[in-house]
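Working notes, beginning with the structure itself.
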């Protein structure tokens, strides 16, 4: 579905991505993991059209999306749940969801149905449907952001660090939902700092370090690979022999 | 007592005009973080357009309002394209302040060329005889202003809160990247906010003209006082704008009556500077924390 | 190049004699004198708009303050002009203070509106306070400027205003190329970085405003004598806008620009007499055109044209029109060793590093706590970003602060540097509590920092960036700068010497004259460190200094940190490059959700289960994490 080849992106004066290539197949859940500053957010922002690549290609269903504006890419049903959630704080939960469906040709009934299925997935949001989104807790906002993205009826969903700023129990809950979404067959590109969490959800994984893909493979294999940990915490001395 | 009520009513009417203009400011400020320093001139152009349609072409007051709204909408597009968008690209505040000021200057000169430099009187649609509500005498135009202004602001607010496009505008104002990710065309939304703001300004011109005179210089002071209203009330708050408008309108009328007409504008400006000293976000404004 | 330095003053003196060429009273007096008087105002306005970057649409009010003060004192009290003019300047400055204090707390549109309101208040007052100002009639009976044999009436008025204009332009120029000018430029480009380098935003912006008002007051005082009449209609918002137009047309931050812009704005209406009815429209259109297509103004265009014409003629600096650029550091004597590894300790400036630590802050020697926090907490609304953090930065030691994204590291640095105010707990440094201290005070006390996204002053040269860090060494004040005293020049020379030595220390010795934004990223980071060192800190907070660097550049940073540590400076290092952290730190604190979850030696922390879990998330495959072999 999504194919990226040789992507080179500058962030100001710094080269953030040095020729990144990856693929997300239909129905696949792919994760991109790596430590902070590795280039993960830059990657998603480039796909979404906020940054222009210096070189390389991004194709969706075979056609290039480089140069399209963010709202145009969203209208191609690529949903992006941004880092830090970015719900609309002064509008209600329900309004946030309605806005997620803004670009779809829709009937009122259809939209309401979609809202209901989001509430089914996130019962906590249903209880708070009239509440202003800015007053929700971090975890609830994350679920709202995902729900808003789902209202786009996306062909592909990209999530940028859904765990950020969330307490461990809430991270647990959010990732359970992501597993549910994967079960429903939604194509996902998940960018995460918490490598092991991401590897539990994904089918395939890319490890990015300093703007380059250093490692890739089926998630199950990478879960056992010590190089993943080294990418975050540096090369540790071997533990004292026991 | 009747005297007092009359004074209050005319203060409220004047305040509603200020509130309308300030309402326009808050719309564009929320979506683009800019204020139109030519808003007063847009009011003036609306008034003069209305004058032509009503007094010269004899098409009636309602047509005058409609024509003014149309002209205002057009001006909004021109403003956004010629003054705001290029200025925002340069990134400096000086740029859009001066650009909108420049547009105002051009507008005023154009008005002088088209309609002449003299002020004309604008026929009051409901007659210029004061109405009698009990012991109180009030000009029908003042009542009309209060009613129409309230109506406009209510309609726009309802639209903003209820319709999906209105919600989209609020979303753009809050977070334009997240709005784009939801598929909202942000640049078009910003242009739309300028269209609405300018149309409202033009219509206020047609509303206020029968009370004073219509001429190329009528808008400047009104536009300036409306900034004071917007800032005192809170640049991003609908209620704030109305409260600010009423406050300053009343201040003005009372000062004119009990102190001196010359100084009538001063309390409003002093109030402005006080608010800037104490709570720059305005009475109903929200503080925001800037993250580094 | 001696040539331009003689030509320009000669030109300036020559222009003094222009009236002798033309006996025509109208032309000389009316136009030239008016140009001189207005240029004084515009030069002052340039300080606020061009240098400080603030919009003032109320300078007509300050102009009016000076004019009316002078007129009233001369007309009613028959004071001689010099006294009345001084009063005009003083009142103008006072009004500048009254307006500046509230207005400068704001930015952008709020400031603009405040100045408009001010202008209107002044105009109203002038119109209404009839007993003082004669109201709408204006003041007519201005005594002549004749003192015995000296006569400044008519044509001779030019001989008074022209030198004053030259002096005003010179004063603004002196200011612009001094540490004041650098402070303005720094505040305009990145106010936060400027504050953290020791410059008080409020004080300097207010200073610019008051000075600007003083110039406007002087202009007003002189304006009185042009037509021998002043009245309220003159001092309208339109005049304020006219001032701005003259400034922008001519070109900000340029002596020639100030003169040319004023000249055009005064002369064009006469030239365009045929189209006088469209004059405003033309002005408006020209203003828009200038803003978008010629932002550097006419002076900028002329300068570019001059450069283009003189291209290829090596060595001929040419008569490029005076532009108030601070002097480039092209003096060969100040060039340091070639860039590369940091220079060995040598040269005056380098010994100046860590004087604070060595001198007295740390009598107990290496290891004593310099900057400590106790239960430091900050909450944004409901979110607790930093929770009861206890941290100790010691002299001569590197303390690393690590943790996953969003764990509160940058927030902590912002707390320590005064950008955020804690909601709980305390910060102590050198026996003082810093919780309420402003960033520029913290810098002055001896805590310097770098920024995660390099916060340089890109438009200034490399040397000037370091000079901003040396702001605290300029003790002379405003007057020495304006007068160009020996002390002021000495301070500038000393600072440049120290700056050059600091550049050599970090390995940028040969790059002093380059524009900071043109440096490659790695060198930009080194420059930021040099600027931090210029503040003579006892403690440095390094926020992700290795981000975006190649391994060679990281090695240079590593070496630099080692050298600083050896000199007894305490360092707080925020980093994600674990290899650098492990190599260089004495102690590591790990944050997660704003709380400390681990502390200790680098190797211990690296193996700590909680740390691994915080970074990577808990894993079902615990065995995998242990399979390090």
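By written order: A, B and C. Residues from 1 in each chain.
Simple rule for what comes next: a contact is a pair of C-beta atoms (placed from the backbone, for glycine too) under 8 Å apart; a residue touches a chain by one contact, two chains touch by 3 or more.
Keep in mind that this is a model prediction, so the values were computed, not measured.
When the interfaces A-C and B-C are ranked by C-beta pairs in contact, the top one is B-C. Most remote chain with respect to subunit B, judged by CA-atom centres, is A. Separating the centre of subunit A from that of subunit B, both taken as means of CA atoms, is a distance of 43 Å. In whole angstrom, the spacing between the mean C-alpha positions of subunit A and subunit C is 41.
Inter-chain centre distance (subunit B to subunit C, centres taken as mean C-alpha positions): 36 Å.
Interface residues of subunit B, counted against subunit A in their complex, comprise 164, 167-168, 170-171, 174-175, 177-186. Per the touch definition, subunit C reaches subunit A in the complex via residues 382-383, 404-406, 453, 517, 520-521, 524, 544, 547-548, 576-579, 581-582, 593, 603, 606-607, 611-612, 615-621, 624-629. Subunit A makes touch with subunit B in their complex at residues 48, 50, 69-71, 74-75, 79-80, 82, 86-91, 95, 98-100, 102-104, 148, 152.
Against subunit C, in their complex, subunit A makes its touches with residues 12-16, 35-37, 137-138, 161, 163-165, 167-168, 171, 193-198, 200, 223-226, 228-229, 232-239.
Against subunit B, in their complex, subunit C makes its touches with residues 49, 53, 55, 57, 101-103, 105-110, 112-114, 116-118, 120-121, 124-125, 127-128, 192, 237, 241, 244, 248, 277-281, 283-285, 287-288, 291-292, 295, 380, 410, 414, 419-420.
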